[in-house]
Each structure stands twice: as structure tokens, then as C-alpha cells.
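Next come two complexes built around chain A: one with chain B, the other with chain C.
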Partner chain A sequence: MSIDRKTVEHVAALARLGLTGEEKTKLEAELSGILDHVAQLSKLETGKVEPLYHILPIQNVFREDAASPAGVRDDVLKHAPGARPPFFVVPNVLDE
Partner chain B sequence: MSKTGLDLSACQLADAIRDGELRAADVCGTFLEHIREQDPKLQAFVTVLEDDAMRQAESVDRDHSHAGAALLRGVPIALKDNLCTRGVPTTCSSKILEGFVPPYDATVVARLRGVTPFLGKTNLDEFAMGSSTENSALFETRNPHDPGCVPGGSSGGSAAAVASGMAPLALGSDTGGSIRQPAAFCGVVGLKPTYGRVSRYGLIAFASSLDQIGPFARTAEDAALLLDAIAGPDPRDATCLATAAPSCRAALSKPFEKLRVGLPREYFQEGLSAPVAQALAATRQSLQDLGCSMVDVSLPHTDYAVPTYYILAPAEASSNLARYDGVQYGLRAPAGNLIEQYLNTRSAGFGREVKRRIMLGTYALSSGYYDAYYLKALKVRRLIHDDFSKAFAQADVLLTPTTPTAAFRFGEKVSDPLQMYLSDIFTISANLAGLPALSFPCGMDGHLPIGAQLIGPALSEARLLRIVHEYQKDTNWHLRRPQSILRSPQKRKRTPGEAG
Partner chain C sequence: MKYEPVIGLEVHVQLKTASKIFCSCSTEFGREPNLNTCPVCMGLPGSLPVLNRRAVDLAISAALALDCRISPFFKFDRKNYFYPDLPKAYQISQYDLPLATGGRLEISANGSSRNIDIERIHMEEDAGKLVHAEPGHGVPKGTSFVDYNRAGTPLIEIVSRPDLRSPAEAHAYLDALKHILRYLDVSDCNMEEGSLRCDANVSIRPAGETALGTRSELKNLNSFKFVEKAIEIEIERQTEVLESGGRVIQETRGYDSAKNTTHPQRSKEQAHDYRYFPEPDLPGFTVTPDQIERFRSALPELPAARRRRFQTKLGLPAYDAEVLTAESDTADYFEKVVGLGADPKKTSNFIMTELLFNLKTAGLPAGRSPVTPARLAELLKLQADGKISGKIAKDIFPAMFEKGVSAQEVLKDQKIELIADAGSLDEPIRQVISENPKAIEDLRAGKLTVLGFLVGQVMKKTRGQADPKIVPQELKKRLGI
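Presenting the complex of A and B:
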């Protein structure tokens, strides 16, 4: 399976990764190599095999729906990269 | 020398502190001094908590009200730097967590707080992605047995700290071998518990269906003591088992059962170095001498474990690491709008291996490829899991090498990601199947340690520890100290109880 530059750029956009041209070139080769190795999975017949999503047999874990104060708001905001308590500050979300 | 505590096991230290023979503060001070001497050479610690640790130790000495309640009282510990610690920077050895100071403790940290002084936070491959600690964005950690070799990874800092005697105990995390592989490379005991035995709350997530926290120690008994302190139900982690964890340390004093030890033939084929094969043959003999019987078993899907893992782990990671967006904590790169902030922050903050895995995982989950990669890997995961169930019908535990070779040298594999991935070939299956697995020192390749691995059925931690405890009564591989440490000029230390 070989990964071309267009695919690298598409996946990087999905993952919100800004990549340099050099990084893209390297990733084309590296991801292709890893996917070649992974391709051996297709040799296995798995038509009747149920996927194993999770190792534990637990389905749902319930608890009382009761709120309790965490008491960490000020601490969280103190270390935030941009804050005007009690809010986080971010750059423009919408173009003006 | 023995009075300083550096040569005592964690159990011996705990007993001496409980009986008033040693003060927790003196013990802590001795380890901190050893860190000051050794760590500039080894670079195992990202953060050393000198003042914090001494304060915690002094409070243990002052407060006798809980004496006896916690078996580890006063024994210092090192924590992998992907475990959240209240008020202490937690870096994951990544630039993207620059400035992050968790306002809460991971559950395992909370359980140890007030009991075991925290010596510091240890280095890892960035976000626990790697097998050599070379992927740390901060610095490389050196193997105490040979500073030219890697300590393994991703918990390389914790393994090196225990192997060099800078900490009697440490915690690590294991997603595909990140406790057991560095334990083997550094010559210490490392245990990955059953998935769900230990709470993951506050462990910075890599691959949530595979991650487990576990102990590093020099002896099985010490590892049992630490596991007992951290295991058990936690309402904050829905994947943590609701059943109480039985005491592993108590199980060590029970009579030794004669067990059936399975040897999976797929783990003893080409690629295994001659010294590792010899050490494993000797280990097998030692276990037979203890009365165990050997059974040949097969895990036919072993070859598929690495490809399965390198779909599932990156897929889960790509989702878990979506949270690093520069909004609420950590690094924020300058940007004109929000999307640009995501792109710039993630591009500046993540290292090469992390980007590679995010890309791989995003690709495997993306529209058009999900069935061919992610779903396929989940089905093969079932086959790997079922292999173990069949093997455990014939054997009580499985014995394998932990790694195909002893520690490799810096730079040897870092340029070829696939070669690095293949160094986890013997450890990954236990994560995919959720099983407990333990690495213990079983021989030497020249001056480098070799590790053997025991894999057991779910929740058989006590059995694995019991075997290694018995093995360590008859052998002394776990007592080997790194030559480089012994050779280096040591200042004579002032021992507690000794005048000025």
C-alpha cells in the first residue's frame, strides 16, 4: 500500500496537523512502509470473526447522577495559555 | 553503607521505617543524594522533587497514627511523567504539555500520597510512544549498565532509576511493552497488570483499551507490595474492575504450587539472540528445579500482533491526542484564527513519532479505510486473544523472552520506525489480550541484562509474582548492579546514626 502526497495532506488536514514539505515527504515513505507491513493482516480469513472492541465483558457502568464540585476552576485557569477568568480566551472562531 | 538504605529492598526499607530503625527523612535524603550524583550521567528524571519529597518523608516520621496501615509507608518512589501529580508539572516528555500543571492527582498517585515520598517524575518516549526513550522531546535517558545503550522505553526513566538505585520503586505504564521491555533492558522487575486491575484515571491516555499502570522494583516481593498499594476498584475509571484486588504480597508466603509452564514455540524462533536463548534455557531449568513442568504450546497468530497493534494503538492515540489544541492547557502557538491555532500548536508541540502515529491512526480510521484496517485489526485481536485462552487450557503460565536481544545502542533503530516497532514483538500480545505479564532479570549478555517474561491468565498477578519470588530465592540475577555505577568514584556518604 503506498501513500501519495495528496493522501498525506488529506489525513494531516483531518488530524489538524500542520506539516512542512519535508515532513510530508518523509511521511509518504514511512507510512507506506508501515502499511506494507500491516498488509499481512489481509492474509487472514476473518469473515466469521467478531471484532474485539474491548477486552473486558463490561457493557455499561452506572452511577448516581449526582454533581459534586471539583473545586479546580481557578487552578485550571491559572495555568491556561489564555484566560480571562472565568473564561478561556481563544482567537477568532469565525472570519470577520 | 547498608544503613543508608540504598542497598535495601523496598520491603526491608518499609520494615526498618515501621520499626523505627530508619527515619523516612534519612532514607529519602539518601536517595535524593544518590540522584544528585547519578542522574547527571543517566538523565532518568525530568523533575526531581527535592523539597516535596523531604516534606512528605518528614510528615511520615511525624505522624504515627497510620503506622501499619500502609505497608509502604516512607519508602520513596519515582513516577513516570505521564501520571498526573497535583501541583507538579506533568510533561509526558512532550513540548505540547509545556506549562501544564495538573490540578489533580492520578488515582495511583492519590493512593500513594502521604505514604511514599515522591522523588520525582521520570523521562519517557513522548506520550509513551517508543521503545528506547529516544523519542523524549526533552533528553535521552541512558542505560545504567552501559551509557551507550538505550534503557528501553517508553518507561525508560523509571527503569533506569530503579536499576541505578536512585529509587527503590517506580511506576510506569505499559501499552505494548513499555514497562516490561525497559525492565528487561535495565535488569529489574516490571509488571503489567491485567487490563482493569489498576485505575487509569489521571494516566495521560495513549491507547485506552491497552494502557495499564504497573510497578518497577528489584524484587518480585517489592513489586507485589507496590501493586497491592495501587490496585483495585475506582469509580473514576469505568474500565477499572469493580472486584477488590486480593493481596499479592500475602500470596507470596503461601506454599509454592507446582505449575505447568507453557513455552509458546513462536517465541523461540529465528531473531532471538544466542545469549537470550541461552538465558531462557537456563531459566526453564531453574523453574523445573523448583518443581514446575514444561509444556509446549502454540500461539499461532503471534506474527500478527505487531501489525494489529500498529493499527489499533495509533487509531486510539489519534483520537486521544485530539485534545491537544492549545485552548485549555499546555502549549499555544501564535495564530490569527482558531483553526490556525490548532494547526500551529500541534505542529510545533508534537514530535516526529507522535505525528507519525497520529497520521497512521487517522488514516486507519478515515472513511474508506476503516473496514480494511481498523475493523480488520479488531478481528485479529480476537484471534490473538483466543490463542491465549487455548494455551491456558494446557498451561498455568507462559514463559517467553521479554525481548529478542539485550539493550540496543543509541541511534541503532530510531531512524527506522518499523525496526523500532518490531523490538516489541514479544510484549505486545499481552496488551492486545489484556493479560498480566511480568519481566524479570534472568541472565546477562556481557554486561547487559536479559529479561524473561511470564504471561498469565487474567487476574493471575499473584501467581506470576509467586513464581518469580521463588526463582529469586535461588538465583541472584536480580542482585546484579550496573558496573558503570560501581566503577564510578563514590563519595563516602554520611549514614544516619553516624556522627557528623
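Presenting the complex of A and C:
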């Protein structure tokens, strides 16, 4: 299975990664390799194997519904790339 | 050509919990921006989500009330996209193993009722809120402000099958859904506060055709009325596109209520490519048949069933049953009054005309009415026994409501005389005479002070409802003195 350049660019855009032409070429080969490997695994007969949804042998971990303040807001705002307390500030997301 | 609309709704409902779905931050509405945040819902490194048990309990109750099948095993998945309202750059949601599948909801529109199939119900966390630059709002041009108080609020998304055939049916579906969820106390379903949100998938196809047309997804629908109007206008738009030989394209469209139009909206992720994968920070969850049965038996009687019972068992007209079951609080109140011996129809009339009006003015639910069911039952009994007229009952009710006192107290306060009804005193007087032979003997012997005692006994028998001025006269008359 091979990954073409368009797919690499699409995946990079979704991940917000800016890639150079050289990197794209490298990733084309690497991602294709990964898919080949998975394709190989896919050939295994798994019809009788119970699906594994989680690698840890635990289930049903809950917390009770009790509210308590964390009190971290001001510290987090201080370290944010952009803040106008009490808000975080980001570039305008509306293109109007 | 005649076209048929095909409508499906995706409704997000906030579950009524004290804390968020994966962390201990409060879900209280209207707090100072970003106050309800912590390392988990801010997506800080090293933090781990832990599922809120109550959120699951509420979601299961809602799913059962909507006739869904609860999955014996469910898990969470990451839905990945970049948007500033999403601190982790993914939303914890459910993809292939949701909490529940395959339910139905009974709606009534245009005088008939039918079932709408529900495809699935899954749990997820809400995103934060963006405050856009608008003149006078203090947000500088070119920027947006972010408030993460909502991020991590527990939601269920209820996805209907594309079974709805008209804008009015979509409205009826939302009404019915809200009704049930409020009844269960699973959610406030308050659109203004964002505890209920709705997206509509709309397509049209030639009438009689079974294949689905290309749909558009309508967003920004801020009220049930707007859902109806937006769908209406979108059906018109798609019809025009098809009739002029064009093609409907699959896209997200926003509704502008001021202009009553829909317009294309840039979606968060142009490609619907969310790269879902299992959430590694949360284990899987199981629900046993026993647990499901326990949830099922704990469900209250649902509005439709209660409405039918009010009509068949208590003989109420359909309209009354509808009004009384609109809120579970009101229906509970009604049943308590009737349980104390009041006539169902008279009680219903009084609740619909007097009580609900006063509650609405005071902004209170029936459960917090200053006039308790016992006091309303007492008032209605005074009226039923002919001690006060219907007009007096209505006249004194506002005072009972305002001061939180009994009918007797208001009557005394306003010096309203009870209707002298000698006939209804017969039985109590007869009893008092036969129970107090000694006192009667004394009275006959001329000891008039005993009269006060006997009057007191009669008053006691009539639970204070007899007119104390008439009782001595009647006593004397009966004794022939």
C-alpha cells in the first residue's frame, strides 16, 4: 500500500504541520511502510479472537460527582501564549 | 416535481451534574470566565480524565426512557481537530461503541402521534466558548476571547434517524425530547444557557423516492422556533436549487434568524476527517443486565403514560392531562391533592387556573408552592362541603399563596363568614350528644356553662369548619331547649 503526496499533504494539514518538500518525500515512504506493516497484520485470522479495546486489564473506573475548585486559572493564564485575564486570547477564528 | 423533506436531528443535552465529565470542576453556569477549569479540562500535560459516575447514570436513564438498548460494553474515543475552543485539540467522545443504540421517541404533531427512531446516544465532553470581536464587547479586532468554563461539561448526543418529514415534526420531536429529559431531571434543557443544542440534517428527494438526497447540516439554531424556521427555509432553498437544475452540495450552513436565511459556514474541519481513535487514558466500561434492570425500574412514570393514566383512571379531559403532565412537579402536586380526597376535575381546574398562574408569576415550580397540596386539598374540601363558595375559594387563594397560610387563617383574617349550613352539622351534633350523656344531663338541668364544652366538641368533629355561631343554636334546637 502506498501513500501519495496528496495524502501526506492532507494529513499534514489536519495535524497543522508545515512540511518541506524533502520531508514530504520522506514521509511518503515512511507512512507507506507503516501501512504495509499493518496490511501484513490484517492478513492474520482474527475471527475467533476477542477484540481488545484496552491494553490495561481494568474497567469501570469512576469518580463521584463532587465539584471542587482547582484554583489554577490565573497561573494558566499567565503561561498562555495570549491572555487578557480572565480570558485567553487567540487569533480571530471568524473569517468575516 | 413534488419533493419530500428528510430531516434528522442531532441534539446535544447537558447532563445535570455538579461537576464536569472527566474532572472535578464545577458545571455552574454564569461563573467568571475560566474559573471552572483545572489541568484536566485545560488539557495540561500529565493530567488524566476520570469518568463521572453520575453522568453515566443520567445518560443511562435518558437512554432507557428513549427505549434504547444499553451497550453492555462502551468506550470513549478521541475526535481530533484543531480549534481554539478545544484545549486538548481533541474531544473525548464515543465513536464505534456508544453508550446506547436504537431507541424511539413518540411525538405528536398535527393532531396525530407517531414514533421517531433514535439511532444512537453517546456521551462526550463539551468544548469551550469563543467570544468574538464585536463592537462594544471589548474584544480587539482580529482576536477572539476564549472561556473554557464549559469545556468538559458532560453531554449526551441524541441522534435521530432521518425519520422526520416536516419542520413541524422536528419541533414536536424537540418538545417531546425536552419533556422527557426534564421529567427525568436528567437535564434542564435550557437553550439560552446552552444545556440543549440542536443541529438539523436536511435533504429533500422526489416524493416516493427511497434513496436519500444530499443533505446540508444546519447549525446555529438557538430556539425550537428557529429550528423549525431554518428547516423550512432550507427546504425551500434546496427545492429551488433542484428545480433550477442545480445540485445540492453537502455542507454546513448557519441560520441567520434576523434575515431568516441559511448561509454556507466554514466548518471546523473542512474534511470530515476527525481521525477517531480509542481514548487510551480511559478504560472500557461495562453495564450488567442487572444494573440496567435497576435503572429501568427506577425510572419515573413517563409523561405519555402518566397523561394516559390521568385520562383513563382519573377521567380528566386530554387538555387537562396535557397541561398537568407538562412538568413532573405539577403532576406530582396534582396527584397529592387528589390523594387527599379532592375531586380530580375540580383539582385540575383549580391548578390550571389559579395555582399555575400564581406559580408562574412567582417563578416557582409546583414543588415549591407556598400553598402545599394539603392546603389546597383543604381549601377544595371547604368548597366541596359547601362551607365556602367557589368564588371565595378563588378570592382567598392569592392570600394563601402570598402568605403561605391555610384557608382557615385567611378566612379568619379577612373575617369571611363560613356558609351556615345547618344540615351538615346534623351528624357531628348527633355524635357529640350520644358521646356526652353527662354533659347533656347537666345542660338540660340548666348548667349553661357546659354548652361551651359541647360546642368545642362539635367544632373538633368538624375539624373547625363549622360556624361557631351556628353550632350552639343548632345544639339547643336538637336538644329542644
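Everything below uses one rule, namely that the second predicted complex is superposed on the first by the 90 of 96 C-alpha atoms of A that agree within 3 Å, B and C clash if a C-alpha of one lies under 4 Å from a C-alpha of the other, contacts with A are read in each partner's own complex, and residues count from 1 in each chain.
Here is the rule we go by: a residue touches a chain if its C-beta (ideal position, glycine included) is under 8 Å from a C-beta of that chain, and two chains touch if they have at least 3 such contacts.
Nothing here was measured: the structure is a model prediction, and the numbers come from that model.
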Touching partner for A:Glu50 - first (chain B), second (chain C), both, neither: first
First (chain B), second (chain C), both or neither touched by A:Leu41: first
Which of chain B and chain C A:Ala67 touches, first, second, both or neither: second
Which superposed partner A:Arg16 touches (first chain B, second chain C, both, neither): both
Touched partner set for A:Phe87, first chain B, second chain C, both or neither: second
First, second, both or neither for A:Gln59, with chain B first and chain C second: second
Contact residues common to both interfaces of chain A (with chain B and with chain C): 10, 14, 16, 53-54, 56, 58, 61, 63, 70, 72, 76, 82, 88, 90-93, 95
Chain C - residues contacting chain A, complex: 17-19, 23-28, 32-39, 42, 44, 50-56, 73, 75, 80-84, 97, 130-133, 141-148, 266, 269, 271, 273, 275, 278, 280, 282-286
Interface residues, chain A side, partner chain B - complex: 3, 7-8, 10-12, 14-19, 23, 27, 30-31, 33-35, 37-42, 44, 46, 49-56, 58, 61, 63, 70, 72, 75-76, 79-82, 88, 90-93, 95
Complex contact set, residues of chain A against chain C: 10, 14, 16, 53-54, 56, 58-70, 72-73, 76-77, 82, 84, 86-95
Contact footprint of chain A on chain B as seen in their complex: 99-101, 103-104, 195-196, 209, 235, 238-239, 241, 301, 303-304, 306-308, 310-311, 318, 322, 325-332, 335-344, 346-347, 350, 352, 355-356, 358-360, 362-363, 366, 372-373, 375-383, 385, 417-418, 421, 433-434
